[in-house]
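Below, subunit A partners subunit B and then partners subunit C, in two separate complexes.
== the complex of A and B ==
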């Protein structure tokens, strides 16, 4: 086990280093370097940038210094307004984390319940209805769903305002939750069916254990293992999904911040945000992998 | 009389053996061809492909999806030949740009077009989905957008297919140190956040590549799309490579591979003739499911403004542009959205159908 953990952690560290390398050097491929915008920043900002990013040093040294700053919690400065990126980044992330967190919780709860129902009522009406909607749910990109929700609830029914400085989180959460809910439902159904056909379930039934206890205690426990493995990669979906969903519903989160930086060609912010999100995804995947090995004793550790 | 003859005699009495000496040739008829056929109880011989296709044909959802997809492909090839409007330019009446043909509702004509039709008595082709805010026929734009989105999906899937299969086959077949090193590379690539790298490369490469590809066919698609293809080629094949490697590891221990090796078949031929056909089903299924994922990625990028270059369009960028007129013309969003959903749904169902039909492990 510890050997596996060490291997996995080393892999994650290697990935983080590669991501930062790619980000840093790719950004420097921009003609003239990342800090020359079409509209030149003011002299004061330019001086600050040169000093902060050591632009007068060779590229390799710039990278080392940039990484050292990162490790000290210094995310650089916004080349449009000259402000520190760090505090902005974390306050925006708090908003996105709340949105994504609620969406994830809803997706897990609803997905597991629907998946269990579909497994228990296999090939009956409830199963067919659930599978129909989950198939539809996985075929719709989140931005289309978000725009449709905007069209129905904000424009046609006027329940929520189209633009607002403090938008309600209901619609963004729904837009973000539909895809993972559909996916978790399908995953739960498959693994529940698998679990229900196992010998220990038959034994439990033969011993006269109640139906609900068999389902919720015995079957669900093992049926949920694949769902756990899905949660890590899901973080990546929530992040890419929230970029568009936040933009559509004007939620002031990390997604909006990133998209705005892209359209503004605000390279220092793009660089900082990419590295932040990439590290987040890699760490999430690392934790999922380790948790997966811990909760499933059937997997041997070579 | 010897002893053996004696035994023979006894057996003749007790057994059901027919005494042939009692019959002659006249008592026997030759069986007719029809009678011979009755003896054939063997079914028609069936290949792996035939079996799979038979199972696929029974899957109504998958068959319906295939028909819808084929119809869609035929439509996007044929329609631009019929509709006389261009996806990139404003509608012209009698050779003049028609400024009144902006934001027309579906099936309406602009003032100038009505005037023209009254004067000449000629019937103009209707604007089935109206026009957009720049006076371009929206229907033809949706058709071109579908073309772009589908081609992006197919090209990406083919790239993933080629790289993933070659890499996975080499890694799985040679095993040992080669496999170890190749799989560590895959592990690292697998953990890189692909979407972020696509965005990053699009931002950067667009600035770098656009001058390079100026004047070529690629310029029409633009640096962003090229960046996306590059990232697909660099990152997206790892899933396919892992899958193929796993399959090959289990196949290469079979006896027939050993036999082929024993008679001195070269490595390349073993791979081509014995291993690849056996992993073919899983490769086809994964490729089919890769197309929708590429279409999704492209639509996200278009949405972020990192999609195809103007005036070329894709379903994602159409949906994105439609947000500006969501209150006045919601159908401009609904139509491309519907097309994306239909394409992705159809491909998913076909992929699932193929898996059920061809994956022998599930039967």
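== the complex of A and C ==
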């Protein structure tokens, strides 16, 4: 296990270095730079800015400089507004992580419960209703859902303000939670059904184990393995923000920061956000693998 | 009802989806790069509201002490010297104030200055007396603050986009500006040469004072000049100070009791929603969370344009389509033939239809490159026109075909259905940035030119790629637009000087034999206009320059920009300049 861990961590570091290399050189290949503007800045201004952000140095040197600063905990300076990226990155991540975290907890709790109900009441009315709504939930893109929620609850019913200096989290959380809830419901149902048809369940029944114990201890525990596989990357994905939901509900999250950096060619922010997301993804996958082992001792890492 | 709601949601959701692909639309992106002042302003109440209007269905906001506003998303800089956007300029004019400002009646008026400037007979010595005013922290604001602030903004290391505006001021031997504080409340300025619009510049945000102590404390090594205004709570001298800034979400401006005209400021707070999403801002406006929105999506315009709270104001800017004068399309043609070719294209573009279907908010078809609402620098508005802009289109086909025949040497066959076919196929690539408005305009131009048998292919690029390609001349025909920073024709015409960074049509840059050969004359005309003291003569030089530009037919004006916004019926007194600066400090709001 420890040998496996060391291998995984080394691989993770290698992946992150490759991600930084690709991002850095590809972003410099795209036409246009951070200071390209319809009203072109004067040569004096361009010179001052390229010098200030080290863009006058060769690419290789720029990369090394960036990585050295990063290792010292310096995420760089935003080329568009001169702000330090580190504090901005983490305050935006805090917002996204809070929304995404709540959404994910809702998705897991509701998804597993609904999925189990659907499996146990297979082909009966509750199952049909649940499957209808989960199909809808997986099929509806978040920009439609978020816009609908905004128009219904903020404009028509006026339950929440569209804009306030102390915004409510309810609608963005719902917008984020619907898709993973629906997905987890379907996953749980399928794997529960699979688990319930296994021999060991029949054996347990024959031995007279109580119905609740069969469901919760034997079936659900095994039924959750596919859900865990899904959870790792999905959590990393959801806590790093969704540009669509953030834009519609004016949430200062990471998703918009990331996308806007690319359209702005804001090189330092592109690097910082990409590295941050890559680390989160890799860590989430690592944790997933370890949780597998805890749930299912049969899984062997060696 | 339900069906309508879903349709609305789908429509707006699609707009969001497009937005996510980097589509900011032409007007926003043009607007994004400008700021400025203008000699003339229009009051909100008077702007473009004629005819029968129906009351809006949007809910009113009853908080009479606070104005809730959306201009755009997170501003890049609140430092007035570093700002380079229109929305940033709106924030600047409400939180900082320079020597002069604009009043609601269309006039430059003294702000920190005490009365009009004294100008020497040769026009180069300006002496301005200052009022005794204070910064928001209570310290005195003196002439020395202006000397410091202007030198700072002009310093290349500050990298202020509008720092070049200080080039008009003469320099001392040590490189500093010839601006002196002769005493605490007197400022003398020496110009290199007389400047017809220097009074306008004195009201431009880059000429606003900034507090030296805070600027230097926040940026000891000079590597981050805007740092002092990176969070709420910084010192300013305008009507409001920024008291809360929740980045990418909201901002709160609170009345500054030390503002020189604080007695006339009635609204205690300005609360800004920082969002560029038209769906969200429009929803916030309708739900009563906002009093003022500066943008309405083009999809929504037909639904709201008859409402009494929908306003259209003049804006000094021109939408055009441009030709790269060095493009290989013109190889083998003479300068005149190339110009005739472009003229043929210009003649058949239906400008009125384009303005009606793409612009949608009553934009005026453009018969000149300098906007018709712009001052001519000699007491009148710009009166040149080069063709009847309202009637260009299919009616001119015959004339256009004749021009094309002489330009190309091909013969054109009349197909009898209002279209022509050239003996040799002609194709042109039209370059635009993505965005539904831009793409729709491209399709209309494509359709108009197809009647001449010219096959236009549309190439759509991401904003930054588009800008880079256009500036480098990697195109044949492209979308273009320019919004003026100040109300003077030179600001429009200097764009196309040979060495201008924005000379995207490539005039005078290694001209091919088909490109205009005498572009140095254009440069010279504008240089002369720059130093001309006689205003009538100066206007004449500007007219000649525009005529030269229009004779090339490489810049084909389509329509003039205008500025739309929505403001609730319980708000009044908001006014704006024709370059888009909005003044909220003298607004009044009733509790319904």
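Following the convention adopted for this analysis, the second predicted complex is superposed on the first by the 242 of 302 C-alpha atoms of A that agree within 3 Å, B and C clash if a C-alpha of one lies under 4 Å from a C-alpha of the other, contacts with A are read in each partner's own complex, and residues count from 1 in each chain.
We adopt the following convention: contacts are C-beta pairs under 8 Å (C-beta built on N, C-alpha and C of every residue); 3 or more make two chains touch, one makes a residue touch a chain.
Owing to the predicted nature of the structure, the values given are computational and were not obtained by experimental measurement.
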Q. Which partner does A:30 reach: the first (subunit B), the second (subunit C), both, or neither?
A. both
Q. Is A:259 in contact with subunit B, with subunit C, with both, or with neither (first, second, both, neither)?
A. both
Q | Residues of subunit A touched, compared between subunit B and subunit C (which is higher) | A | C
Q) Taking the superposition as given, does A:228 touch the first partner, subunit B, the second, subunit C, both, or neither? A) neither
Q: Using the touch definition from the top, say if A:244 reaches subunit B (first), subunit C (second), both or neither.
A: both
Q) Touching A:148 in the superposition: subunit B (first), subunit C (second), both, neither? A) both
Q: Could you look at A:290 and tell me whether it touches subunit B, subunit C, both or neither (first, second, both, neither)?
A: neither
Q. Given the touch rule stated above, what does A:102 touch, subunit B (first), subunit C (second), both, or neither?
A. neither
Q. Which subunit A residues are contacted by subunit C in one complex and by subunit B in the other?
A. 30-31, 141, 143-144, 147-148, 150-151, 155, 243-244, 248, 259, 263, 265
Q: State the interface residues of subunit A toward subunit C in the complex, per the touch definition above.
A: 30-33, 36-45, 47-49, 52, 77, 80-83, 88, 91-92, 141, 143-144, 146-148, 150-152, 154-156, 158, 161-165, 167, 243-244, 247-252, 256-257, 259, 263-265
Q: Can you check the complex and tell me which residues of subunit A touch subunit B?
A: 11-12, 14-15, 18-19, 22-23, 26-27, 29-31, 135-136, 138-141, 143-144, 147-148, 150-151, 155, 236, 239-240, 243-244, 248, 259, 262-263, 265, 270, 274, 277-278, 281-282, 285
(Q) So in the complex, the part of subunit B that touches subunit A is made up of which residues? (A) 184, 187-188, 191-193, 195-197, 199-201, 203-205, 207-208, 292, 296, 299-300, 303-306, 316, 319-320, 322-323, 326-327, 330, 333-334, 337, 340-341, 344-345, 348-349
Q. Which of the residues in subunit C come into contact with subunit A in the complex?
A. 5-6, 8-10, 12-13, 16-17, 19-20, 22, 29-30, 32-34, 59, 68, 70, 76-77, 84, 156-161, 163-164, 223-227, 230, 244, 246-250, 252, 271, 273-275, 277, 279-280, 283-284, 286-290, 462-465, 467-469, 471, 481, 501-502
